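The structure appears below as structure tokens.
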């Protein structure tokens, strides 16, 4: 199957990225990043949930179909979930979802699962920078408002 | 049946913690604070080590909770005058000083502060800024009401003949110069002392030139300077010319561990100097900070890692030496720190833009008065004496009277909070026995 | 021995007679000789209508949901794939094992009607009968009987079927079939798509999904789509706009694939029902493949096995790049 | 639902937000958002002034939803919720937007984009607020008993305090004896007394207390439940016992590191301080003339960076004691920073110096070296002050090793669902202001299982934990934040997916009792067990189960708002 390259070259593309953060680790880590004044790109918007396991795949799919350039789920490190096992379930779902998204042509980097503890302000900012860089390199999400 | 009640003296973090614990347990608490707002020393801090949590941000919710708790009667701008009675049934007289402002009517809008023409040094800003005769100590004050300082208010001094700007401009009609000091009498089962600390005046250490060399300041002054809510909005401005310093020297053990001054270790200065050096380096990435220390006492959770971060990430230089003298370069006002290099054993010097003295901390001035009132023993350094320090670490020699936080020994915030809760537990236990 | 329509008729009749069942769900011939349709029986007399042949495509298991409140047991005829969706229904407490009587029939593949007509170059009315004959079908048309290799005309799911014999039953008619000779790599078509670049995949799926008219036939027929109120029918929140543009269709199909993740048994009903010929099984197969690779799980095998997305192992793959 | 009337309060936080984000611009933007009827800026929304403005505006504008854009809900949510409640608005009709930690503080160099981001965050908050619903908090009674795990000084102090306040206490100690680490000590610093009598008086008080039920030797086997209602089962001397408590205090202590340094365990005259104290106690120390003590053995090194807080004082104590036993002996303490913080420790140090103990500072880059093959004969150390290596004759080498976490911390952590942090010690809810609480309500921590601490600190923490534990015990009632799951039984198909994913066994499939649905099998949530994680809500295929405060419509509205959809 040979298809023409449709990748657009855009200058000054600033991707919009959504990050679901669990209340206990990732959100606290993001808070710590703030308190520590770790400077980072402005692309990421955080939605707080109590556990990464609260984020249903539907919401990730919806966000990407809405045209958001990337979606992240950030939770506690395995074994450190405030609810013991929420992040393990998230991890299983995320593996399946990431592969499914990739199957229809949504680049894997557009959906990321990362572990950030309450003490990892620096990691939070690193994760944000990395996501912003990678998604910027991918260019705009072509599935948004596709007709 | 009336609730059993407790008197907590001191509205800093320790007093607030004790008061909240007891109030949540269901006791009636009288929280007495001599200044116009609770919050204590912690409210003056910019950040707290080792997390760099914004101090006010974590303190404010507790202050507000204390301010609105139905079981806490907040008595600010008040001092204990007399304690009589016996353990389990102390009769306490509290002087509620005239604020010249009706606390019920005042909205804390601050118009009186704007209009008041008379100024004095701000205690909160450690003399780095002025405040008015009509003032609210700091923006998050609890209660958020104005106070009029009778020592400088011309209206009061002239017995109503002059000024009165505040009366004119207060829409709420809250200014009330007819207020008199009131004596409030309460009966309490138990008393908790949490009177905190004062800062040791470093001008007694003549070799460091505090008060003479403009660019030698204290750690608390630095704290206000680096704070976003400080007089310079977080900009470091050295006193001689307002320029931002490019290098800074912190001197540890100023008055502490010193045979001429205080023999004890003030316990928190190593860490707060490190914190201030980190904060300065964060604000000014090119700034160089030097910390002159005796022993680097980093004994708490994550403290060693904090020091390591200061060294590695912020390039803070730790120099193990106690400087012998600070002189001033007359050309540029730079302080020159004279010290002995530990290994080379040479007297050498370092010229910096500003020096921060980490002064000793001493029990608060009211401690002595209170101890006399209560007939309570103080130790050689005026800290509250704890007879069985190991197994009853918050019990004073008087049954039913407990002491927590800095008033009984130098300690950091978490240790003070622990002791404050411990004192609350002991008070609750004491009153349970006194059925 | 292969099961025959005759055996099915006698067995079911007997089940009615000895009181084992009060209802039966099976197949009967439909509007033309290439169609069978579901049939619902209330007594043994009608059992003569039943048929069993390589045209019995429908997965009847979803009809069990409609028989929740009837008296007595409901008998149902299941092929291998259908039996697996019965397992899923049992696992999710949608049916009561004590109220169903499962009549299993080993299946050696179902004819894809469209493929057959194309191969033979005939119209539906011209076919008289289709019979199973090992690796081929014997198709009787007016001109006589032709032997057509199964690989040419089997339905997609039958080409990769690993469970020709029902995994759960109360009665098995005919001899168990352990494997089908033509089944090789279950996921070769998935792998082909996986190998494409993101842009190529996007082009492919945009084109496929752009055809969806959102008739919801795939959902309605799916044996494991059992929700009382599908999230796509909800007003608040509205997960999907009415517009059937590609983005909305994407949401619909991806969410559907995810909702049946670890539950889909690849009975192929969705694709069979799709009027726009969207390769829906491809999405489901992709998920099935990943769940097998990641968690070693296959749906519809064991009622006691916990669904893969409701459990975990601490040592699950922790690599996301 | 009444038509939403949303009020938005945007905080300058002094210059913390206002210095980066153009707050007035965000206010103007907020005014244009759907259902927003009032928007304003506050210098500090958390100040009394800000709080009263919220209250006044709720009344003035008849607000039925409040959004505050300021700092983090993790610290300030209760405050603003209470403000709403004070003004008669259900506190769950409040939504928090974080534009400080998540915006102004991390985008200080980019004011334009920070302002745009703040607007979007506010838009998302308003979108969620539109769907907020009033909630009632679940209340449950507190069973008036406590379990204290660990019978050391911290645990005993906590137990006695609660018992004296009138609460029943189950004290669970794994050893057959109360007293913990103290039992191994020869003397206590800085009072230099033997611990025996002091400990005995506490042990007696514990043992004779009618309210304290002693379980010994016993270990906790299982614990389930929530604040006010924990079901605990323990193995007490081989027998399984179960009981119910309202609160749990963890005070399990720590152990002393046995080092693999300085030929410890290989040469007979190398001891840890704990070994030394045992020998002194048993009268088995024997003769000594030259004692060398090394501090920070196995501590303040890359793999174990922390300072164990009390070893310096232990070394000083034993060094002075060596001098006391044999005034002729030469006693050296080789140390790094000497951590004699506070009043008494500094004095303790001075007195030891006066008594003739020699202190030599070594640097970690040039650590002391042990000389000798069968026994230590001498110790070589680089003396920083003298700038030279000195060799100290030595017939007794004593190592100060740090406290390290107990091996069973991890098991307890899993059982109680409480976290372990730095270095394997238990992690408190907040290092500054909640030092003896776990993030999980109803479970508290004290003593050396939290971090190295000396006796007075451990006792104070024991009391402090008792103080926090006494609050729910005395209140007798706890409220659970209304973020628990709820089921719509009309939609629920009883598939049991939620039951499988719930980590707390809070959901059961039951026959519905609701009119019109009688007999239908549906999921039912036990609000007392539900901890509000929302796993069920994400797993439910038809969304019959929702997490209050984080419902699908709320989250989806935020996503749609962010992506510019309605």
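Lettered A, B, C and D in written order, each chain numbered from 1.
The definition used in the following text is that a residue touches a chain if its C-beta (ideal position, glycine included) is under 8 Å from a C-beta of that chain, and two chains touch if they have at least 3 such contacts.
For clarity, every value in this text was computed on a predicted model and none was experimentally measured.
Colleague: Compute per-chain Cα centres, compare each with the mean of all protein Cα atoms, and return the closest chain.
Modeller: So the chain sitting closest to the middle is D.
Colleague: Write down the chain pair with more C-beta contact pairs when A-B is set against C-D.
Modeller: C-D
Colleague: What's the distance between the Cα centroids of chain A and chain B, rounded to whole Å?
Modeller: Chain centres of chain A and chain B, defined by C-alpha means, are spaced 43 Å apart.
Colleague: Using mean CA coordinates as chain centres, what's the gap between chain B and chain C in Å?
Modeller: 75
Colleague: Rounded to the nearest whole Å, what is the centre-to-centre distance of chain C and chain D, using the mean of the C-alpha atoms as each centre?
Modeller: Centres of chain C and chain D (C-alpha means) sit 53 Å apart.
Colleague: What whole-Å value do you get for the distance between chain B and chain D if each is reduced to the mean of its CA atoms?
Modeller: 26
Colleague: List, in ascending order, every residue of chain D touching at least 2 other chains.
Modeller: Residues 501, 539, 552, 556.
Colleague: If I count partner chains per residue in chain A, which residues reach a count of at least 2?
Modeller: Residues 35, 37, 62, 66-67, 85, 89, 93, 144.
Colleague: Can you tell me which residues of chain C touch two or more of the remaining chains?
Modeller: If we look for residues of chain C contacting two or more partner chains, we find 231, 239, 309-311.
Colleague: Among line, ring, star, complete and other, which best matches the way these chains touch?
Modeller: Chain contacts: none of line, ring, star or complete; other.
Colleague: Any two chains that touch count here, so list every such pair.
Modeller: A-B, A-C, A-D, B-D, C-D
Colleague: Per the contact definition, I'd like the list of chain D residues that touch chain A in the complex.
Modeller: Contact set of chain D toward chain A: 72-74, 98, 100-102, 105-110, 113-114, 116-117, 120-121, 124, 414, 417, 419, 421, 439-440, 483, 501, 503-504, 531-535, 537-539, 547, 550, 552, 555-556, 558-560, 562-565.
Colleague: Within the complex, which stretch of chain A touches chain C?
Modeller: Per the stated touch rule, the residues are 1, 3, 5-7, 57-58, 61-62, 65-67, 78-79, 85, 88-89, 91-108, 112-114, 142-147.
Colleague: Show which residues of chain B lie in contact with chain A when the two form their complex.
Modeller: 47, 51-54, 282
Colleague: Going by the contact rule at the top, pick out the chain C residues touching chain D in the complex.
Modeller: 92-94, 226-231, 234, 236-237, 239, 259, 306-307, 309-311
Colleague: Taking the complex as given, what residues does chain D use to touch chain C?
Modeller: 490-497, 500-501, 509, 521, 539, 541-544, 552-553, 556-557
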